[in-house]
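Presented sequentially are two complexes of chain A, the first with chain B as partner and the second with chain C.
What follows is the complex of A and B.
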């Protein structure tokens, strides 16, 4: 008998991964709605968080798993990745925008930054030797993730912290956007930058802050997702960015909150759907029909990108563009 | 001394040169009407003054200070206000958030006070504070936009076609509010108006723009009585 329903441990890791993608997609949508930049360096900026974790482990927490690491690491990553994203905006994206480059030109520029950043990070990590770790490039930091006994399951701490961090950060960000003067100004700028400027809002400051927040959210996600990567190398971002874009596009690219939802859905689809389809195919269809076994579990990205196509076919504006109240009425009428 | 003086203004968007050598003044508590055919640069004039369109050359003097190169948010802080023709409220924000946004440059306590004060003049907004601005009608939106402008108590208010697309009764209400702004609150107003007759009737002075150049600048009444210009450019019959 093949297990189709995934185990609790697997489910929790899938939720954690989905939460990380949610944070990343939310940040990606944020800089898109404010400055119209589709930032392909976003996942690599997130990997700065993973590298912060790596250094913390090498310098401070080398002795073994520690819960403190799960507070210090994400906080430090929040600042480091946020500051990097902000500098990237001020030094590269804004000057390019001021010179009149369009959406495509800016997007290509983010590709360039992504590659430059990846190479610099890879070079540095390869060239440096760890203080306590034997090497810094391609380390598996999984052993520093404490195991928690919960509900009869052995769960990883990072799998707990990620969803909590995602909910907490979204809540804080939501309160910031609705309850603070600057947050309301941010929403106003997103909707109509000219009018916001007319009201006296320094829209450049809003854009700069949005890049900081975007990078900071990515940094937190990256710092915690690092524990489930086979090795903590900056190159992991190349695969993650595909899912992040998938999440933002499913969400509709025009809404921060739907970006979060889109990322979460894509994350769940990648992990859970592939696992279920894998079990169904290899457990039932392949033996019954005499087909060869296929490790469908390795084709996660087919799920996320397939989902993008399906969502865009039915809702060209993504989930944000769906008239949910109308849809509800339609369903209720039946 | 004029409140606003525009000297030899050349402006446009990027390489699109739209305004050529504009010279005019606006005295305190005056309504200056800008009229002209479509595409003559009426809106661009307001945008250039406010710093949204690009100024190539010339000077904008406000309260004896040269403000030509100030960014829009800085101009908002020194008493200028500009109401765009469309999208002049934040549709996705509530009426209350819109009013608070309008007081962005003010200390919080003062915003409370001003919001209260403005609601006295625009009582219909009181029952709609928690509604999103997109739920308001066209006329109500224009009045909300006007209320937002007043939160900062600017001295000079520039309106870009506030009556466009409004039903006659709503347009009348908006125009009455503009006259009230000048007479009761002592505001100085620049009004771009597509309905030339309506505009010229309430204006003190008038500026007729044709292809980005001044074709007439003088008393509004004179332009209203000038049969040739009226027929040629403003669609005024007879």
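What follows is the complex of A and C.
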């Protein structure tokens, strides 16, 4: 008998992964709506957070699992990744935009930054870690993740902290957007940059802050997802970026909140749907029809691309473009 | 063979990149289709020679020389302890692939030049067919999506195909290790260089011809203003479809050249950095919508990169291990920085786009009189 309903531990890890993707997709959508840059380096900026974690483990918390790591790590990643994204915007993207490069030119530029950052991080990890522990390049850092006993389950701390962090950050960001003057200015700039500028909003500052927030969110997500990666190295970003873009496109690329939702949906689909299909196929269909067993669990990225294709076919504007009230009326009328 | 600091490996890579960049130029430069999934189209050429080609070759060996096939299976049984149902199954298996290819298939092919010639034609046709199918799939999206969406979708598509499907599914191309490709000549590198140069010349002439033809002008019209092109009766969707399929086919030939020179390559070596970002970088450096620029971009970039790769370790030699390690990573970092500088100081590239050559008005009059 094969279990089709996933276990609580697995469910929690899937939710944590989905929350991380949600944060990453939200950040990606944010820089897209403000500055029209589809940032290919976004996942690698997120991996900056993972590298901060590795350094903390190597230098400070090498003795073993500690809860302190889960407060210091994300906070430090928040700042480091945010500052990097801000510098990236001010030093590279803004001058290029002012020079009149088009969308594709800017995409190539983010690609170039991706390569630069990947190599800097790989070098740092190879050269600088290994003070107290053996070199932490491509190592599974799961052992530094303390186990929490909760509701009869043994849950990993990172799986616990990630959803909480995602909810907290979204709430804070939402309050920032709605309650502060600068947040209102930011929304105005997203709606209509020229009008906002006429009304005295410093749009450059808004753009800079949006890049900081985008990087910071990615940093937090990356720092906590690092524990569930098989091997924590900057190169993990190559596949994460696919899911992040999938999340943003499902969300519609034009709305921050829908970006969060899209990332969450893609994350859940990747983990949960693949495991359910895997159990169904290998547990029932394959033995019944005499088909060979396939480790469908390895093809989780197929799920995210499939979602993207479905969304682009049926709702090209993503979830943000769906007229929800109309849809509700349609359903109710039936 | 090594001349100055440039090796034959470098030359083959240069040839493969020139082919890829010309094909990308047709799409991105002339027609404005941002293909960020070039890697998968290049990979199709490699797969035709690797996963499909080696099976085909094993099948031919089985049909033509059953004794040899039986001998190979016996050998595998004795040495690997595995019982393969047929030589095709053995050739496609990651454990036995190297032995079967090197000890049985390559010697057999060397003795039968006619079979090699037919196999070569068959594999080129398979590569072209696979690439055309992939292009057809990609064009389905390309006809419908805005440029950012399309770029993201194609990037995801190529990562998915190469990194997920071909890596996980061992039966397709041997999984992470990759299978050994069919060898067409005793010296496969010289063969790859000659074949590659022929393809480069043909593809370049074709691209030049295309760029200056009415089709080329229609492509530029689609790029500059899709609606206007449509209003003037140009079949926008049809033009895009044709361009994607043609340039996918050209890109697959680059993969074939590359795999023929290296024989064995991991599926992972066709990743987004080397086969998507680099061609884009060459194109931006050389100049979009200019075939001479595309070729020049590849040459300038590859020479620069070779000098960096060669010079940095020499500079770092004798210094501490840390600096030597930094030199290894610095090469790629410099590549990224060069791209950013080009984008900032000369976004149109070394050779910018030129107005297309048309017939002289006097000449047209002469032709009409005649």
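Here is the rule we go by: the second predicted complex is superposed on the first by the 333 of 334 C-alpha atoms of A that agree within 3 Å, B and C clash if a C-alpha of one lies under 4 Å from a C-alpha of the other, contacts with A are read in each partner's own complex, and residues count from 1 in each chain.
The working rule: a contact is a pair of C-beta atoms (placed from the backbone, for glycine too) under 8 Å apart; a residue touches a chain by one contact, two chains touch by 3 or more.
Everything numeric in this text was worked out from a predicted model, so none of it was measured.
Under the clash rule set out above, the superposition-derived model of chain A with chain B and chain C shows the two partners fitting side by side. Of the two partner chains, chain C is the only one that A:253 touches; chain B does not reach it. Residue contacts after overlaying the shared chain place A:194 against chain B, while chain C stays out of touching range.
After overlaying the two complexes on the shared chain, residue contacts for A:298 are found with chain C alone; chain B is out of touch.
Contacts of A:290 after superposition on the shared chain: neither chain B nor chain C is touched. In the superposition on chain A, no contact is made by A:152 with either chain B or chain C.
Of the two partner chains, chain C is the only one that A:115 touches; chain B does not reach it.
The wider contact with chain A, measured as residues touched, comes from C rather than the other of chain B and chain C.
After overlaying the two complexes on the shared chain, residue contacts for A:38 are found with chain C alone; chain B is out of touch. Annotation: superposed on chain A, chain B and chain C show a minimal Cα-Cα gap of 16 Å.
In the superposition on chain A, the residues of chain A contacted by chain B and by chain C overlap at 100. Here chain A touches chain C in the complex through residues 32, 38, 40, 92, 95-96, 99-101, 103-105, 107-109, 111-116, 118-120, 122-123, 126-127, 238-239, 241-242, 245-246, 249, 253, 295, 298-299, 301-302, 304-305, 308-309, 312, 316, going by the rule given at the top. Remark: chain B residues 14, 50, 52, 71-73, 76-77, 81-82, 84, 87-93, 97, 100-102, 104-105, 108, 148, 152 touch chain A in the complex.
Of all residues in chain C, only 28, 34, 36, 141, 144-145, 147-149, 151-153, 155-157, 159-160, 163-165, 168, 271-273, 277, 280-281, 284, 322, 325-326, 329-330, 332-333, 335-337, 339-340, 343-344, 347 touch chain A in the complex they form. Contacts from chain A toward chain B in the complex involve residues 100, 181, 184-185, 187-188, 191-192, 194-203.
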